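The structure appears right after this line, and notes come after that.
Per-chain numbering from 1; labels A, B, C and D assigned in written order.
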Amino acid sequence: MSRDDPGASPQARYDSVRQRSLKLAEPLTDEDCGAQSMSDASPVKWHLAHTTWFFETFILERLERHFAPFHPAFRVLFNSYYNGIGDKHPRAQRGLLTRPGMAQVRAYRAAVDARIAGLLAAGADAELAALLELGLQHEQQHQELMLTDVKHLLAQNALLPAYFDAPSSAAAPAAPQSWLRFAGGLGEVGHDGAGFCFDNELPRHTQFIAPFQLSTRLVTNGEYLAFIEAGGYRNPALWLAEGWDWVRAQGLDCPLYWRRDGRGGWQEFTLYGPQPLAAQLPAVHLSLFEADAYAHWAGARLPTEAEWECAARGVAVAAGGLHPAAAAGKGLTQLFGHCWQWTSSSYAAYPGYRAASGALGEYNGKFMLNQYVLRGSSCATPAGHARASYRNFFPAGARWQFSGIRLAR
Amino acid sequence: MSRDDPGASPQARYDSVRQRSLKLAEPLTDEDCGAQSMSDASPVKWHLAHTTWFFETFILERLERHFAPFHPAFRVLFNSYYNGIGDKHPRAQRGLLTRPGMAQVRAYRAAVDARIAGLLAAGADAELAALLELGLQHEQQHQELMLTDVKHLLAQNALLPAYFDAPSSAAAPAAPQSWLRFAGGLGEVGHDGAGFCFDNELPRHTQFIAPFQLSTRLVTNGEYLAFIEAGGYRNPALWLAEGWDWVRAQGLDCPLYWRRDGRGGWQEFTLYGPQPLAAQLPAVHLSLFEADAYAHWAGARLPTEAEWECAARGVAVAAGGLHPAAAAGKGLTQLFGHCWQWTSSSYAAYPGYRAASGALGEYNGKFMLNQYVLRGSSCATPAGHARASYRNFFPAGARWQFSGIRLAR
Amino acid sequence: MSRDDPGASPQARYDSVRQRSLKLAEPLTDEDCGAQSMSDASPVKWHLAHTTWFFETFILERLERHFAPFHPAFRVLFNSYYNGIGDKHPRAQRGLLTRPGMAQVRAYRAAVDARIAGLLAAGADAELAALLELGLQHEQQHQELMLTDVKHLLAQNALLPAYFDAPSSAAAPAAPQSWLRFAGGLGEVGHDGAGFCFDNELPRHTQFIAPFQLSTRLVTNGEYLAFIEAGGYRNPALWLAEGWDWVRAQGLDCPLYWRRDGRGGWQEFTLYGPQPLAAQLPAVHLSLFEADAYAHWAGARLPTEAEWECAARGVAVAAGGLHPAAAAGKGLTQLFGHCWQWTSSSYAAYPGYRAASGALGEYNGKFMLNQYVLRGSSCATPAGHARASYRNFFPAGARWQFSGIRLAR
Amino acid sequence: MSRDDPGASPQARYDSVRQRSLKLAEPLTDEDCGAQSMSDASPVKWHLAHTTWFFETFILERLERHFAPFHPAFRVLFNSYYNGIGDKHPRAQRGLLTRPGMAQVRAYRAAVDARIAGLLAAGADAELAALLELGLQHEQQHQELMLTDVKHLLAQNALLPAYFDAPSSAAAPAAPQSWLRFAGGLGEVGHDGAGFCFDNELPRHTQFIAPFQLSTRLVTNGEYLAFIEAGGYRNPALWLAEGWDWVRAQGLDCPLYWRRDGRGGWQEFTLYGPQPLAAQLPAVHLSLFEADAYAHWAGARLPTEAEWECAARGVAVAAGGLHPAAAAGKGLTQLFGHCWQWTSSSYAAYPGYRAASGALGEYNGKFMLNQYVLRGSSCATPAGHARASYRNFFPAGARWQFSGIRLAR
């Protein structure tokens, strides 16, 4: 059952998610779709092919009676990290795959879609339904990456091209910041059983949480600018040791997409192209290092993922546009649809966690080391993909995601 | 009050700890004491000087009425990582400090010792007592590093020199392994208030712990060898993704100090020089990657630090020799004095943690990222330095410490 | 006056060279044209734009009365290495320039071509004629690189796509090898004054050359295979010290585009796609390290560039196809049109060499260090671009050019 | 026959050279002798052992009737780069060999010396005489490296210790600079047959040399300072492309051992410790990159090695102290005994060069790539070791040798 539209058929939900991926590529040229700006990012074309490979490998190959691959080499070319499936094209060289071209990748998608439709027409049992949902959730994750990866790519080009035309929107001020108190105590953490979740959200389990406070909204560009102007990037006392090494090795003094405009002000590169820095918008594209240093400077701290989840439970989930918006409303705002929020929690297995058997067991578990959890969702997260128990995770230095700061204390 | 000898005076305890550092250097030549085998390790001479610098900088400079440094350049040369103190000699180049020589470093130690004695003779107030204890605990930490660092140095030399003559000991078999059950529930974690602890052991706080089991003893060389022979280092399904990259990038197939003996068997390099691998001894010098892969292969897991601490509370603390010994006795054995035990817990601040103000606040807090907690103590840990709440921490790939595996499930 | 067609007008020659660049891109998709397989190589699109930038920057900007750039950002985006012109887009990130797209680059070419035609229509003085010829020779150099760079790109793709359909050609055996003797003595080296040459071929000067012998033809695949089978890649005694480090660091055991076919034989990747290794064809895509080791093994040596030039003077220059052909005929064969031939000569200024003033002085002179001279021309060299005094140069480890071995002794 | 003292016996000459090595270590502690400041440099202890290994391996092992090694592991520990001998201790880890200690290395030297004396007492045939002379020349090369390597080591230490007490010398001004003209023509290059030479000085052969001029003296600190103050390190137009990359990657703005004194002036670190920069002394510890850029700026060029050799033939050879002295006298001064002089010549085999057979053939030939020739000798070169045909060679970025600039035009 679709989370987007509870009444939709499996086929309709499948079509809806799959078509959105192609829709995301529409503002781009075939040349845009082929390039890879760094090894952490992938070409849009590769995302389109890999998500298709996922359905082909984990559904068609298992369930089709007479399976034959669309192209034998694609098994290697579009395998991301599944050792259980076999060899992989080197991650850092995905941008060199000028063949297959976009036209062939579209044909690949169409062929797999038709075969999935054939399976669905024959009736979806529980295994097919579960694998299909996993494939669609997986594709939604890659939809978010398509946007963050293409943003990173376009930012490398001195022409600073826009992915999309900027909307003409009035600049509303951000709602004032205040603190919400939570009593803590024994709480349940993890997915509650209804609807889809990833294996890393399970099992739901008990944690003891001390009383805490959360900020009602995200840290804004204006607030982060004050940190910069107070010498935040030059004061080692504010930083984790590894963060300070990171700042100095790269000579950093501002967030990833900020640039001085040459007239004493700042610009921010967005999916709408370069824009004057808007003080009321959330500060975004920050590493955990920066988030932690800011919190330290502000006399606060980052929340744990358990605190965040308990506070967010029951809050309505909203989806965003192509850039975070200013905080509006009362209570706990901007949990979903603006930017992911770094927590202080290392990405680790919940007590009793079990990975799936076989290659699908590589989906999450093997990455539970030296990464930190982000909670919420971002403006790039597809509608229907976010929930309070969702665990996103990246290394502490990652900045190309829409990641920002919600303070705790 | 000394933890070693409760009746000792502060001066006697100071002398006892300080003299032990020099004692550790006795089997070594001055040349041995100057070399640095990798940037993670330091020369013995540097350890001897840095621990002295700690007393000079954090006690003499604060409390002496007319402080003058022993040598102005030492402030930089022997500063480890305190940005609050100022510049630091580059960590990777500590082995290039042929001056001051060992004789001058001994003179430096003697001069600082005399001035500390002067302060103590004038009466030790609470501040001096606290700083003195911190300095002695700090020196004990470096005493352990002196042994692990010199072991790493000697292992780089094809002559494979012994640090010390091997004792002639009968090879006792290891006690059989079994599982101890723990009921879990709400538990208190962190130091309990009596005696010294580091800031990272505080504050004591409540955690909810699910029921668990711990192995009665450490994993042995014989057991680890079975993992190797079963292809453990060649099967990516057993490893964390980063661990598998680590294994392949370095071409690893055994623990740090194991070497094939050319006759189908194995040798292990120890502080007694190379020895035939003894199946009953604990497997040691393992990374977290290896510990985790072994646990995976064995159908078990690593404990969390909270599980370990709750299980260890009240167990008597023992000190070791220069190499771990075989498990003996019943119940939970080998908690202390053999090897540190990797946990699955990321090194993080306890809820409500506060670092000290000033440069001493850099002691622990800034390292709480991308490191994992080890519990217990090793054969190299000085007597009186271990306790159930002690938190040791290293990156997942570190192997030169005496680190091994206690399984949980 | 054109070297291709002595009677052609400057405009006709310009059109002919410029059109050939577009012709080379015809077998490729726009996606193929955008990718960069390594920092030494450039995307085809970048070559098409940079060669246009050269005419715009060094001719239009100098000679047009009211110069305005086609696009201000292109000055940076398509500057290769001219510090005298200003900033440069990072070399290793040329593959990230998805904008301008191929259509815009074609428009850029057309616009500059029209403006050049305007200048020519107004009459070509000596300065214009000289700059125009330099621009065309420069473009021909890039035409060769377009082929070698796209070959390298296609080779990274497991699909191993062909750039062009293979011709159906009968496999002729190679002419037998013999040695030609040269008397040496005082010889003149460098361009003789008629027709175009690069500044590095000047001034013509006297050298004393001892008697020497040259092989009548290039080393073949069959001969090189014998070197491999004799353990050539495993014997350090055959290699320069830096070459041996290079072999071991990369784990090499064959030329760049050779692959074992899984049935005991070898394949070679070519612009026609993968082909069974043909023993009679020249061994190609070799580094200087490999050429030198082979010569050592064969009891011979590489020629100096002076020897090569004196021997080649007066030999007719031929152009090739997309792959070297087997030696045919008598006397000194395969000097031109098959593969560049490594010499033992370091790339250095001729006595009395003067670089041009201004940014054009950066064309050659600043690269005269740690590179070695190759002589002749390859199958990828445009017709009319080769001559006996031509000096090509690459670092000793470069393999992606059509580079092979002519022995001397 | 000794070059130092023509009447000395082989044994006396052997003793004299061997004792000088130990003499060089006298101002140093055992700790100083063990450290290695970078992989290009070696510990003094290693030099003392390796030069002994050379006699043991190439003389005792060949000529002793019942050869047994002093210590079997030394064959590996003290092998520098002879693949023909076997395995080698990793070059970058020579500073980790705290065992054998200096006392054992002295014992090693004494034992080999005694066995060499035994062979000599039995009568020195031509083979022994030739090998002995090679071993002594080899040891003299390492005597120079002992000084340059220890200078580099001491410079890494903030204490800036002096190797030796500075002499009290009056500061004489440098002789004025002028140009000497040479007619060129056919010249003979290479050793002339009398006395010892290395294989790379052979065979003597004919070269044609165009007329040229050489500066009468070396470039001084004062002249080089003018280059710095004119922005020499900030102007890419003066530098080879690789040199400019080198300057920027390392952020360089002065020679290796220059430091600003904090009062607007400069200090130079010397073997006498830090000294105020003396304008009249030769500029030294320069890379080829710097020498070439300076020459470019000064409107001159570096000489070729053939020009240098022809000019220097017949000039008396002088030895120096521990630092270059100011130019004195008329004519061509400072050829020998001050600093090596970079040439523009790539280090390459002379026409007809043949390396020795066996492992000794690795002495020179395998390094003839990507290195440049320096001519003359330095203040650190032992007396009797220099001659006009001597070819020293280093990569273009090497600065820790006493290397400077003699201009040509």
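Everything that follows uses one rule, which is that a residue touches a chain if its C-beta (ideal position, glycine included) is under 8 Å from a C-beta of that chain, and two chains touch if they have at least 3 such contacts.
Protein identities per chain, from UniProt: A, B, C, D = Ergothioneine biosynthesis protein EgtB.
Please read all numbers here as calculations on a predicted model, not as lab measurements.
Asks: If I average the CA coordinates per chain, which chain comes out farthest from subunit A?
Replies: Using the mean of the C-alpha atoms as each chain's centre, the farthest one from subunit A is D.
Asks: Hey, how far is the Cα centre of subunit B from the one of subunit C, in Å?
Replies: Here the centre of subunit C sits 58 Å away from the centre of subunit B.
Asks: Could you give the separation in Å between the centres of subunit C and subunit D, each centre being the mean of its C-alpha atoms?
Replies: Roughly 38 Å separates the two chain centres.
Asks: How many angstrom between the C-alpha centroids of subunit C and subunit A?
Replies: Roughly 45 Å, centre to centre.
Asks: What are the residue numbers in subunit B that touch two or more other chains?
Replies: none
Asks: Chain touch graph shape: choose line, ring, star, complete or other and state it.
Replies: It is a ring, because the chains touch in a row that closes back on itself.
Asks: Can you identify all of the chain pairs that touch?
Replies: Pairwise, the chains that meet the contact rule are A-B, A-C, B-D, C-D.
Asks: Using the touch definition from the top, list the residues of subunit A that touch subunit B in their complex.
Replies: 81, 83-84, 186, 205-208, 210, 236-237, 239-244, 288, 344-346, 348-349, 351-352, 361-362, 366-370, 396
Asks: Applying the document's contact rule, which stretches of subunit C touch subunit A when the two form their complex?
Replies: My answer: residues 29-35, 37, 73, 76-77, 89, 93, 95-102, 153-154, 156-159, 161.
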